[in-house]
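A short worksheet on the structure shown next.
Going by the order they are written in, the chains are A, B, C and D; count residues from 1 in each one.
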């Protein structure tokens, strides 16, 4: 585990982990957005790698992926971009969110080398369930990276125990069935699920998938250690896209983004 | 048998029986054409009744049928037209050439009444083969009409004997397989067929189907008693059609028709 | 009650016969001789059965339509699945039979008529399989409307010959095929597509289609402890699928229903309801019921299903109507379309528009029958060929709705 | 030599597995449990067999292609006639199996993906027959190209849902179906269309398609005094028809050949030759050979036959390639078209463009074999669906000629 991640784990609840897609609307903007997120209280950053076939993502992140792919973004470039962020002052942990195939094609060896060189803290592979991930999880351990595991309301209690037991960094609890994207109602037995998750794991338990407002987060207050927010943020970036890539409007756009964030980041967030 | 038909049977070879479609290009023209045919040496006239589905006819007569149908020609009207021809001086036998269905719908009774009223001499039903025609043949006999039978090169010798034996008016020997229409070569064993036909029948044996020139007829010289000519004549009528229905050009067209006939009627024809 | 027709003249009562030019009489006699020899030849029967089984995929199933039955709440519905035949309809039974007969008679060339192209494709298929040269006569109007079927026949190696006479449709193509046969009888076999035409064609086609009825009967009996169904329903264009399935049941105590195309309704004049609305007449060499003018000119029929719009009907049907052995009914375009939809939704079977007429009639009749009674429908063909028509129909309706 | 894969993780050697979001892991486990229970349940097996026999028309024939064999002058050619199935291809075997499984598992709703619409129609068909609600995900691009198949699915009562993500084709429709499944796993069954996807799908699809192979084997043996053919050839898109027919022969001494779509030629980059030209990667939850960019973005494949242009391939094929048990070859568009034509002309069978790839490969191989050797080709489907493509192709060629 990196020091950054260790620090992250000691932060007071509620933690806040936003997701953005690397390269959307541009590499430069991604750096600025990451910094803005940190400024507005992000505890860590999930940096999504654009993929042609993002099985776990809804339309908002699908569109972001397409835009980023058009900009030539790749797993390797995204990792390298983190060094730029660090140079500009990013200190929170960065978790690379990538579909397995991209990792497979880059090669695990190469990935770990790049991750070390560019100050990466964690890895999340949304299409690599627990059963398939043992080896990769161990390799991450060896390379000081946190392999972020996911659990869903449909995950059986036994599995949840196993997942929780070996979880690194934090445990990503999926708040609803379906893909990423903002939604208004959540799985019913979520409370019970979160209780079990917390009971089984020694790392912070974060809730994500479909969170788009402070009010939604408040439903989970006390039942988890923090929140992950993706589509709502990516959607805002989509809106601001043209302004973000225009030198003249960029600053105004970042300000608007920060303003938006200030309204959604969970209250009492440590910053 | 009518007196006209009896007289016809005594004419010296070669007999010449032209075919025209009633109502093509108009009822009036049909009368004029019939008279022109008589003038140019026709021994009898086959008056074709237009039909929607003329199974035994080639394209030339099919087209004539369509034209005549458009002019509203029917079996009944065609029969009545013969009275007009007679008034204008037609003395040769007239044979009604009709597909069976038209006769069936008119009703045999009605047909015989009309035939008697309008000086019809014979009946030819191209889709009524020997087996099916016994009753009709007898009915014709009773009504003094000659029922014209057909024989083909493919007709077996036995059948030919039967057909010949009961033939009325004349025996129509089909010179080639296929439908009506001008053609250049004829069935091979035609000589043999005609010999058998002559041997088996007591009426004149006429050859038809596909004859279009004097030269073709000469091939059969001495082997038959005469010729039937259809498509070649109907084609000429088709050509002259517009002129035949125009009062101003009608006489010229009839003259042209007569001129054409003078070149195709068999030589040494009795007139 | 055993059937004894047709008589030696090819008559079914007053119907049928051979009303053809003398030039083909010889060929018809030759054909009858060849046919009788063939069906009495064990080797021929074996070949035929082999091909039906191993090439066309017979026996076709008898499918119980459970959901449809439940929806109707009356008689049980069984479907004789001719749609599962190679090329998608019962037509191939006959095409294979006649093509094998042609081969046995030493005729290397076949000719056929076609309307929408179904029989043309079946004939071309059999010709390809048995190494025969094939010419298909098709009305110019039909060629224009059915370019894909024309293309398909060509793929199968057949020559498609446009017919420009008359109304340029099926009846004219049939006339032309007969005319052309006349001029080539020696080496050419005329492969007719339905139980129509001069004797012995209706008999031949019935023979080759009767496999439908005998199979269905055996299958039904096996599924029902030897009992017979109460009713058998089939659509009637020329009448080959109907006569084929009836063949298994006509000598039994089973009600038979033939369904003609009522088109836009009998009163509109736009229909192909030959037996409901035709008069006795001669078409394609056969005396039968016929749609015709007062004076006897043959009229163009209409139906949404191309396979039913024949102005005549096979002579045996005319006879079965005259003896009241078979009940003939009409189904309109609209009713057929609805039945097609229902069958699709309930059983996942997209049937031919022709067959949908039989389905529609069965739906009507099932409702007034009891659940212990059963109806077999002859599902003569699949609806793939009709999807385009249905699609256009839908678009039209949609546009009316707005 | 008995097959023992997949292992408990769904792996065929290094291939296969379940690379899916955690949210569906539960559903996959549930599915595997349900599947294993079903196939060990005699009643289920009886139901399945009943439906295959009495609804879809199995067994499909094994047709000896005598004229084709003679023309080639080499090995004898036999055709396993999946084209004679209800809806015209092997796809229905699997759709019926999975739909019955869905019903047995108490799931009243099914979802399916479709490319050109073949599997969508099969799924909608089975859904109608078994009273399931059906949603079919289809790329917007494919919807535009295949409006008649879309219409057909609607006729069958299915809802067709346009997918606008990615390239708006099959792979995206599959992604979307999986995504949607995630959000409705409780009452919804995902009916996948080929031997692809996360475990246990490849296993399930193989199970339901293996009827092809076992039938073919029994039929061949019966026709040949218990002997086996020398070779079995099948086309490979996702690989379901191939894995189905191979299932009957993989444990025997029979050469197996899988045929991928070579498109316009491997060198042009326009092809769907996943195994010839792809690298290991993950698609739709399965580790397999995959057409992808250097960096791992999935690439759009190309083939004239819509059913073969899948960028991945079932994991068992990847494994069978790695062990060299099966020989995988490529056939170009042009070769497939020629084979389709030849089969049409020689046997009167218009096969699907997909199947034509297998025919083309068999034609190549037959020539270098001896007349006492035999090849079975899996004729996976009929070509009716392709007539329009062939027609346009022909028009294009004709215009080049002038």
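Going forward, a residue touches a chain if its C-beta (ideal position, glycine included) is under 8 Å from a C-beta of that chain, and two chains touch if they have at least 3 such contacts.
Bear in mind that the values here come from a model prediction, so they are computed numbers and not experimental data.
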Would you kindly tell me how far, in whole Å, the mean C-alpha position of chain B lies from that of chain A?
97
Whole-Å distance, chain A centre to chain C centre, using C-alpha means?
67
From the C-alpha centre of chain C to that of chain D, how far is it in Å?
34
Interface hub residues of chain C, defined as touching at least two other chains:
none
Name the residues of chain A that each touch 2 or more other chains.
none
If each chain is a node and each touching pair an edge, is that a line, ring, star, complete or other?
line
Touching chain combinations (by label order):
A-D, B-C, C-D
Along chain D, where are the residues that touch chain A in the complex?
9, 17-27, 29, 165-166, 171-172, 175, 178-180, 182-185, 279-285, 290, 292, 294-298
Please give the residue numbers of chain A that touch chain D in the complex, ascending.
51-59, 62, 66, 69, 74-76, 99-106, 126-132, 150-152, 154-156, 159, 174, 176-179
In the complex, go through chain D and note every residue touching chain C.
53-57, 60-64, 67, 81, 83-86, 88, 124-129, 131, 147-148, 151-152, 155-157, 341, 344-350, 384-385, 387-388, 390-391, 394
